[in-house]
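Some structures are shown below for you to check.
Shared chain: chain A. Partners: chain B in the first complex, chain C in the second.
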Partner chain A sequence: MSKFSFRYVIDALLQGITFLFSSISFLTLGAILVFVFNQGWSLVNIDLIRYPYESTTILGAPLEDQNEFCLCEPNITLDPEVFYSNKWGVGFSQGQDLLGQATVQLAYIHPNSPISSLTNKGIEGNEFVLLPEYLIQKISYNDRSTSLARRGVERMINELESSNSIYEIEVITKGGGIGGSIITTLWLIGLTLIIAIPIGVGAALYLNEYAKHSQFANAIRSFIETLTGVPSIIFGLLGVAIFIPLTVATTNATGGNLISGALTLSVILLPIVIRTTEESLKVVPMDYRNASLALGASRTQTTFKVVIPNALPGILAAVLLGIGRIVGESAALIFAIGSIVRDEITLTDKSTSLAVHIYSMMTDEPANIELSSTIAIIILAIVLVLNLLIKFISSKIMKGKLGGVI
Partner chain B sequence: MKKVFDTQNLSLFYGKNQALKNINLSIFEKSVTALIGPSGCGKSTFLRTLNRMNDLIPDVSIQGGVWFGDISIYDQKTDVIDIRKRIGMVFQKPNPFPMSIYDNVAYGPRCQRNYSKKEMDALVKEALVKSALYEEVKDRLQRSALELSGGQQQRLCIARALAMNPEVLLMDEPTSALDPIATAKIEELIVELKKNYTIVIVTHSMQQAARISDQTAFFLLGDLIEVEETKTFFATPKDPRSESYITGRFG
Partner chain C sequence: MTIKTNVTKKWIDQLVEKILFFMALLSASFIVMVVIVIIERGLSPFFSDNDGLGQVNLLRFLTGIVYLDGPTFASNAYGIGYLIISTLYIALLSLLIAMPISIFSALFIAKIAPKPLGNTLRTVTEILAAIPSIVYGLFGAGVILDLVYNLSLIVGVQSSAGFSVLSTVIVLAIMIIPTMTVIAEVAIRAVQKELIHGSLALGATPTQTNFKVVLASAKSGIFTAAILGVGRALGEATAVSLVAGSRRSGISFALFETTATLTSTMLQGMKETVGLDYTIRFSIGLVLMVIILLVNFILNFVKSKVGRVHV
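On to the complex of A and B.
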């Protein structure tokens, strides 16, 4: 009897430990999601993609022939938070920039406003239109002292209302967008997969179908296993030492660029692709190969007509792992592309992936945790969408291949 | 009767392990030869030497000769693909490819050359009719072969081999994974196919060998103990070991 109850105690203990550890892991993973969404959700906004990363400052002066007052009421209903000057026909609202500084945003501008178009006092000197998304940095007048955005919107609108002549207006276009980095990330995913998947699958086919038991294959296998454990920053060094000079020599690139980044990522991906694919080739039943060979098919025909179609789920798993690795890679990319955020993406120029974008945001002074979390949410969304897409494609392929089974 | 296969002092080694010892066996045209013997006696290994399937196993070495008509199967110049085109094989476990029934049958011919759809349709139908499967599957040729029952899958594998229009069918315990009814159907089919094809079948069941074969070869520990016309073999075995095997004293 005592022996019996002792067994129950041990069972309960082991089961308790299992449940405890599994809940710890689930809670930890859940906590990361909660943190990221809690910090970043408020900034998730279409503006992140709509606006470029770079904001530009424009100094504008009123056009000379239009310096009359508007004295008009707004033709739409304005938010209660918008302060409106009917002399100048503009409405401002209070905002806060990504660093927490007070900003004044142009919320509304009447079509008849004397300052709806301004002369750009910069080098180009063109006429430009004030858009309701610009931030007003400061307004200086001919007849009174300058109003500054950091003193608040109410004071600025009062000073504007009391002035009769504007000298110049300094506006900032909205920036902070991550569209460029999203595009770079997608380019990296595409290019890297195009390079790494065929090469990796080819290597796995060689290892599993042609050189399965050779000494050479075994040596390669253990070498590949070692490579999966190498920190990616070392691959980044490889990128700097080989791929950047290579791309500089062969294209019009002048330094780190998208192609050198994709090549570096391909090298990081290769061990993963080879191993995952080889595992999936191993589980293709020997019976299929035998049947094919016994039917007078050559080895190559057997490989391409029977083995690869049956290993496709595994190859797609390699693609999925690859996407995760590409999106998540930062250390190697800081070397191989650089961490400069760009809006216009060209293959031979510097730009940055979303993960490195987070790195740049966090190395800013002060670190921008909110925006970084927002980017993290977007990364999660991209990975999720791509995963679903690939699962969808793979289920379609399987349906076609297996005639409805599986 | 014309000899299809003739082995002369055939020995086979897995590494240092000798699996076949000086086998001399003739197999005759349009007849069924049954290879029997306890597990591990070398009967499947022998079968696989006939279409060079042992090539796939690392560390195999072969001595002696295997003649297929006037072709030496293990000659350097012999095209192994040509051999396998002329010698079909059916395996122990039904192993249709995870494709449609139609594609399974069409697989072998497609590997050789391009066929027009009409030619291929006719070829597939002919092979399925010959393997007595056509009536059961004619309405679902495009469905997956994996939906078929085990017996149907095995007959599909036979159809797949027949689509290559081989001269010989090698069968490695084709009914060992099947129930008695499916087994009976396959046996019936083998007797029918004998009219046009030479069949070599490995079997664990002595009853099966007695029912369907014309010639029986008894293997034991890599030796060919006795080869004899089936009726004679089961009625009056010459070797005492054959007698103890068929009377069930070992094996």
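On to the complex of A and C.
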């Protein structure tokens, strides 16, 4: 009897260990989510798309005919944290740029303010208007020492108020946007799917419908299967050696470009597309094909009008899996496109997908964890939605509820 | 009239079959292309003059412990022996951590957990397996580096801001655990009911059955999981390069020392796209492919020896 209870203790212990180990999955997912949301959530806003990645610095000087002070009250109610100078008619607030650094932001500018429009010292004779989204870097005066943004907004407004003559104002337009990388990612998804889905579905059709058990089909199948074991960085090398020279020769590209990236991704996607499609072709009942052929339809008609419509959920699952892979791929794209973040996206030039954008910022000095986490939130959201969709579709396939025509 | 349409139909059928055949052939040809490209480009530094830098010495390349690149050196002295050892060492350590965790959690999900909990855990694992490696790299750089750095302070060992063997191993283990759990879980669920019932009928407790019968019968599938896990650990590039610390020379076995792997070295200094500094990446890629093939071969051999079930 005592041996029996000892057994019971050991059993409970072993079960406890399995429970502990499996809770590690929960903990990791939790830790990753907490980390990226903690670091990146504050930067999630529409400005990410509105602003370019590169910020530009503009040096502005007061216009020559503007010598009077404003001495005006704001015509709207300002937030309590906005510091207002009624001599110059401007209000500053503590801001945060898209990289997460503390800055002084221009919060309000009165229409009669003497510095509402300035001369751009970079371009001769050009005027520019101070916009409330600009960040003030520093203001230098003719009659006192310069005030710098990093010394805080309160000090800057006091120094501005005590001065009677501004020499120049250095502002930077907001940067750190990820619009360019989003566009590149969308282009990559579109181009890659256009290349990989027809070829992959075609190959799967040939393997499953035309040459099911032939030795040749098995050889091809094992060749394609081997591709899944190749690390993505090796596909990057393939892109460098074959697809970049190919695109350089046929387009006006000079180095890595979006098209060569899409071609490289297509090769990575092919085994996934072929396998998923073949699985869904296998569950299309043989009777459907026989019935179609018996009614006098040709083989081509049977394949395209009976088999494919019934395998559509599987093909859709392949598309979703593919999108997930494209969004997450980094190593291959670093080789095949490059890791230079761009705002203007052209098909024949370098740019970054969202994942490579993270890599690019994390390898910069200093690493930008905040904005990287924001991008990671976007990637995680995409991955989560795709995953749930795939689960939904595959449960439909399992239950035999194919969304086909028959 | 009907005869004519039949002829066109046949003609179309044949054309479609040819097109589909071509697509299948094209898909299969890419692996051949990969192999040819990697071998041809990867071997060229050892045989060409490399624009005056001279041939790279193959033996020194494979056994050297200093990796000199960049315009400062502009030499042909690349040694990746230490990278080969570090890569294998790191993959082995992460497999050692990931193996028990993924096997036991797979067992828990498939056999022990109540159904709702098991299903939730399965979904969580599948989501983790789908998270791109760059996110794991970011998590490693933002969290694991700090943890490891603080740990090194507690232990009293010097650590370069957390960039270390330990961080790399932890990030890789976290990355491959979900992949391995998913596959091991499928293998465990596929164990025949008769075996389990037989064991229970003989008086074994459910836990005894789970550990001695179910795991033993699923051995082959568990090995498949390990092979995939190791493959992913060996081939991972971006996540590793964010936490490894890009070591340029010397083998590092100590957990808190910086390290580098074949893949993280390939990703370094991608500014130039010509010259030996670039071509040598293909040679490293070739070595990586050979290592992955060898490791797969060895593990498959072990699997064929151990995976046979005698129940």
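Basically, the second predicted complex is superposed on the first by the 337 of 406 C-alpha atoms of A that agree within 3 Å, B and C clash if a C-alpha of one lies under 4 Å from a C-alpha of the other, contacts with A are read in each partner's own complex, and residues count from 1 in each chain.
We adopt the following convention: contacts are C-beta pairs under 8 Å (C-beta built on N, C-alpha and C of every residue); 3 or more make two chains touch, one makes a residue touch a chain.
Not measured: the values here are computed from a predicted model.
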| item | value |
| --- | --- |
| Contacts of A:D364 with chain B and chain C, given as first, second, both or neither | neither |
| Touching partner for A:L295 - first (chain B), second (chain C), both, neither | first |
| Touching partner for A:K305 - first (chain B), second (chain C), both, neither | first |
| First, second, both or neither for A:L384, with chain B first and chain C second | second |
| Touching partner for A:F223 - first (chain B), second (chain C), both, neither | second |
| Touching partner for A:E154 - first (chain B), second (chain C), both, neither | neither |
| Which superposed partner A:E73 touches (first chain B, second chain C, both, neither) | neither |
| In the superposition, chain B vs chain C on chain A residues touched | C |
| Common interface residues of chain A - those touching chain B in one complex and chain C in the other | 298 |
| Touching residues on chain A, where the partner in the complex is chain B | 212-213, 285, 287-298, 301, 305-306, 310, 401-406 |
| Complex contacts: residues of chain B adjacent to chain A | 51, 53, 56, 58, 81-82, 84-85, 88-89, 91, 93, 95-100, 107-108, 111-112, 142-147, 157, 160-161, 164 |
| Complex contact set, residues of chain A against chain C | 7-8, 10-11, 14-15, 17-19, 21-22, 24-26, 28-29, 31-32, 35-36, 39, 198-200, 202-203, 205-207, 209-211, 217, 219-220, 223-224, 226-227, 229-235, 237-238, 240-242, 255-256, 267, 270-271, 274, 298-300, 303, 324, 327-331, 334-335, 338-339, 355-356, 358-359, 362-363, 367, 369, 372-373, 376, 379-380, 383-384, 386-387, 391 |
| Complex interface listing, chain C residues touching chain A | 9-10, 12-13, 16-17, 19-21, 23-28, 30-34, 37-38, 41, 100-101, 104-105, 107-109, 112-113, 121, 123-128, 130-139, 141-143, 174, 177-178, 181, 205-208, 210-211, 231, 234-238, 241-242, 263, 266-267, 270, 273, 281-282, 285, 288-289, 292, 296 |
